[in-house]
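Two complexes, one shared chain (subunit A), two partners (subunit B, subunit C).
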Partner chain A sequence: MEIIKLAWRNIWRNKRRTVITASSLMFAVIFGVVMRSMQLGTYDRMIDSAVRQYSGFIQVQDSAYWKDKTIDDLMPDSLLLRKEISKLPDVTGVLPRLESFALISYGNKTKGAIFQGIDPFLDNQMTQISHKVVKGSFLTKDDEGILLSQRLAGYMGVNVGDTVVLLSQGYHAVTAADVFPVRGIVKIPNPKLDRILIIGSLKRVQDFYGADGMLTSMVVNINSKNNIDKVLPEVKKIIDSGRFVALSWTDMNKELKQQIESDSVSGQIMLGILYVVIFFGILGTIIMMTAERRKEFGVMVALGMHRYYLAMIVFVETILLGLVGALTGELISTGIVSYYYRSPIKIGGEMKDIYEQFGIEPVLAFSKDFGIFLNQFYVVLALLVIAVLYSIIKITGFKIIDAIHS
Partner chain B sequence: MSIIEIKNLHKIYNENSEIPVYAVNGIDLSFEQGEFSAIVGPSGCGKTTLLNLLGGLDSPTKGEIIIDGVNIGELSESKLTDFRMKNIGFVFQAYNLIPVLTARENVEFIMHLQHRPKKERLERAMALLEAVGIGDRADSRPSKLSGGQQQRVAVARALASKPKFILADEPTANLDSKATEKLLEIMEKLNKEENITFIFATHDARVMKKAKRLINLEDGKVIANE
Partner chain C sequence: MRNRTILPILALIFASGLFLQQKTDLTAVEIIKKANDLRYGETSEGSMDMTLVRPTWKRSISMKMWTKGTAYSMVLITAPAKEKGQVFMKRKNEMWNYIPRISRMIKLPPSAMSQGWMGSDYTNDDMMNEGSLVSKFNHKILKTEKFENMDCYVIESVPKNDDDVVWGKKVSWISKDDFFTLKTESYDDDMYLVKTEIASEIKTFGGKRLPSKFEIIPEDNPGNKTVVVLKDIIFNKPLDESFFSQQNMKRIR
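What follows is the complex of A and B.
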């Protein structure tokens, strides 16, 4: 009798119990996958809106810039350096940026803002920012006009075609003041940024700050945030470490990183509690199953079955039971995650305001990372393996006579 | 020639307590190939304990059991398991068939443990089920068989590994007289025609009547052996 055939029949000898146990595993997997997918998807979205769309995963800056972030600590733009970094594996683009503080004034309203100079073509290739223009048009190369973030435009009461005044301190204390026509309104996913961002063409912003050919940073984007530990040292090797530094997004967004880490830990604790509950459910089933079949185990060993072989049958039974539950759970959660991956949950009402206060886009996004599915599957299998140890210990230790007469 | 020799066999429960129980108390016995013997006696006389010791299911406190020249007390658990599989067939009072296997699969079970080829397993299982008169129920699970039918499957299973002898502990205790008659007839026939050794532990008069040798136990001792 093949082990799998025997094990399969054994798990269905008590259909109700098998269905209940498999269902508990199925729900654990569904809950685990969906919850983790939502967490990681939301983190990815947060990172995407704060990092990929704005700071980049890596920035090369003048070594003095990060400490005070003054416009006096700029770095010269170097096409050669950008090209060299672009050639690194996993690097998807290098964007020149110049940004600094500016006061925006329109009518009787004035507000502090970040004025960011971008290469419209390169930036758009990387971030598809033109798709976020909700009114007006995107910038052209060396455009004289600017884009205003949606909330900032709303606050200022500015519309496309209006002209605003920007005032700031330029490079090496020159006065920076000019008027700019508003080309478009752009919706920035990160609510915090959406309140303060002004975007202009790099050339125009350099002119404004009197910083021709200068940058605050080169933004290096990569294909996956998971590759940052591989790419960052390579970038560091290329740059002149005496003049420049290469910072990772976690160096530049410590707050976001901590926020994600603490939320992730709390999610994992919840999952841990769920798995403890599920584990005791499985253990209960296994204890019952072992007690019920004690006599049968005794007979099998009496007839000449080695205990290790018997333990193997019980192990296979438990794994099969786990597979039935876990694979069904994986299948259902794949459907749920796929649906919400395409249609993320938009948060409304008071929760929306709370999210925005924390600078988080009020959207629950889902991740389709295969690792999430695999991890939940492994966790369930690990729980089963630990639980089945009870049976195995009992099988290796029982006295045949006691078992047969039980 | 003896296939089983029992020398000064003791099984004492609670040996170190104030009231030790002498389930088997210094038994010397031997069994020949082809015997059809019954160990009889009142409840608690040590019949089942003796049978369990003979089957290597329990270990004696003192004494030796030598089966076909092998002192089974000296075997490791793993070797004893293999020894049981190859040399001893068991028929239990409560049949103890594996509920998820059909009658044929139950008979095949031991041959599977012996790694016999599938074709041989199938043919022998069917032949044995035919021999015990239950070939037409080969694909039925135990729950679909009567007590008598289940016990006949158990006999076929016991024979499957071509053992040197079969130990049957109260095999008729749960059967009605018709089923008992049929079962005993089958076992007697197997004994006569194929020289298979049967050793029963029983207090069923119908079994005692068929047995060629009666070993009477009382308080763990042989009081009559005829």
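What follows is the complex of A and C.
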């Protein structure tokens, strides 16, 4: 206790040095936290727009479907199986889906699109898609009409209430052709999907493709993507492994996963460089401090203070200094992160186009994951401990006479 | 007296010799043309069932078909209910598809020519260019051999102009007696076998003997085939060119 008191007084003896050191630590923490939070938050957003809104974290499919994704490899819908999977812990919902390619035609324009059949009620519970309807209304159960994604509707020049023609090849090569009234226009966050997605009620889409009671997949959503390794084996246990497969979002979105991984590595390298710079900054101040206080240390030891005790005091001083700097940093970065968490940075101009070409929503989102804060804290303290070894070695090794005369 | 009897006999022998000579000396083009005329006649009107056979499923479609020469044809789907009323029409080099459910007339683009017709192993090109085998290819008799217990000419047909035709060559087995095209092999530009068409089950339709079952077996998808069974067909019933019109596609039942 006395050590802490002494150390606390010591660090405030030279306020300027303390403030400089503490603020360098503070900025290190702020930079580290904000940078990492922005990266991880953006990944979460990418995963959310591609996975939660579209493919789901786990999909159960006919075992032949994934290879060719043809509408001939469908699975029968089964309420029983859906119920069984949704009873698993951490599973938040199981959604039936039927989707395939279709040509959409209106006036003189025709475009390729994805026609997706959903259970409007269940899907909305999961994705809140009805909040994304920007014009018109959401689908009702077994609705005869369809929703168009915003950019697709814009390109086609279609408005709510218009009737469009869809044309495709259905189940077992049946001709799929029909007219659909447009019920609403929906804004899909993922720009790639926003250009091609048509949504209809499951019943209507099954009817269109001549695939009554059939699905392309059951989408299993879970409460957190971190639980996927727990849930996936359970799902695999339930399904008939001869006929069906359960795929995780990383199996289905290999591209996205690799994109995130490579970007994450480059972020970690940047962070590493930042740490190196900070480490030498800290080491510099500690060397300076040790040199400045050489005489003081010499006098203390000459008066009978144990070198060991002195080293302890210096160590605790540094830790206290670190705590002051890092905690202030944490506080400030919490403020920054929670502000941007609520209102993410929207990218504009040319960067926006580049992002959209890659199929990424042009938004820098932030993550509030507690682990990010904790990690930065640990890293900065660890750097301090390594740096303070220098002054401890000095203290245990100096010659008293030289020190007093310096 | 002697001369009187011998002369006609000689004449007969001579004539029959000539006739025989003529029969064996049929050129490849003539054989192909005869086989083609047999199948299509001047005009034809018939109905048939097509079955798509796939490793895990099969599906049948019923249709009616009208043809006039090689330039015009019309196909009306009569079953199943979901596709009933769909019409395909070929007029010279153009192919059209009418879908009543969406009241749209669709012109099939050249790029769709090598795609399967109604999901079958028949390509749209098969539908279109059936008749052009005679005119767009050079034909050569390779040999004669027995196929399904019938003496056949084996004729190799190579396109005159590569640009017009999707095939590298076709080899046909045509029976000597009746000019039935019993088997046709189609090769791509690199001379790999792409598909084989086999005709069998010879029946009499309106006094004309014809194979009634056609199987198309693609080479690259084992387990896949398309079987067309002719239910009835009548030939040379007068049919005006104007029958093959877009207006009629919408009317026809």
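Keep this in mind: the second predicted complex is superposed on the first by the 377 of 406 C-alpha atoms of A that agree within 3 Å, B and C clash if a C-alpha of one lies under 4 Å from a C-alpha of the other, contacts with A are read in each partner's own complex, and residues count from 1 in each chain.
One rule holds for everything that comes next: a residue touches a chain if its C-beta (ideal position, glycine included) is under 8 Å from a C-beta of that chain, and two chains touch if they have at least 3 such contacts.
Note that the structure is predicted; figures quoted are calculated from it, not measured.
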First (subunit B), second (subunit C), both or neither touched by A:Ile401: first
Which of subunit B and subunit C A:Arg9 touches, first, second, both or neither: first
Subunit B or subunit C, by number of subunit A residues touched: B
First (subunit B), second (subunit C), both or neither touched by A:Val301: first
Which superposed partner A:Val385 touches (first subunit B, second subunit C, both, neither): neither
Which superposed partner A:Val174 touches (first subunit B, second subunit C, both, neither): second
Contacts of A:Asp72 with subunit B and subunit C, given as first, second, both or neither: second
List of subunit B residues in touch with subunit A within their complex: 52, 55, 57-58, 77-78, 81-82, 84-86, 90, 92, 96, 98-101, 105, 108-110, 112-114, 157, 161
Residues of subunit C touching subunit A in the complex: 52, 54, 56-57, 59, 80, 82-83, 86, 99, 101-102, 104, 106, 116, 118-120
Interfacial residue positions of subunit A with respect to subunit B in the complex: 1, 6, 9-10, 13, 295-296, 299-307, 309, 399-401, 404
List of subunit A residues in touch with subunit C within their complex: 72, 105, 165, 167, 169-170, 172-175, 177-179, 210
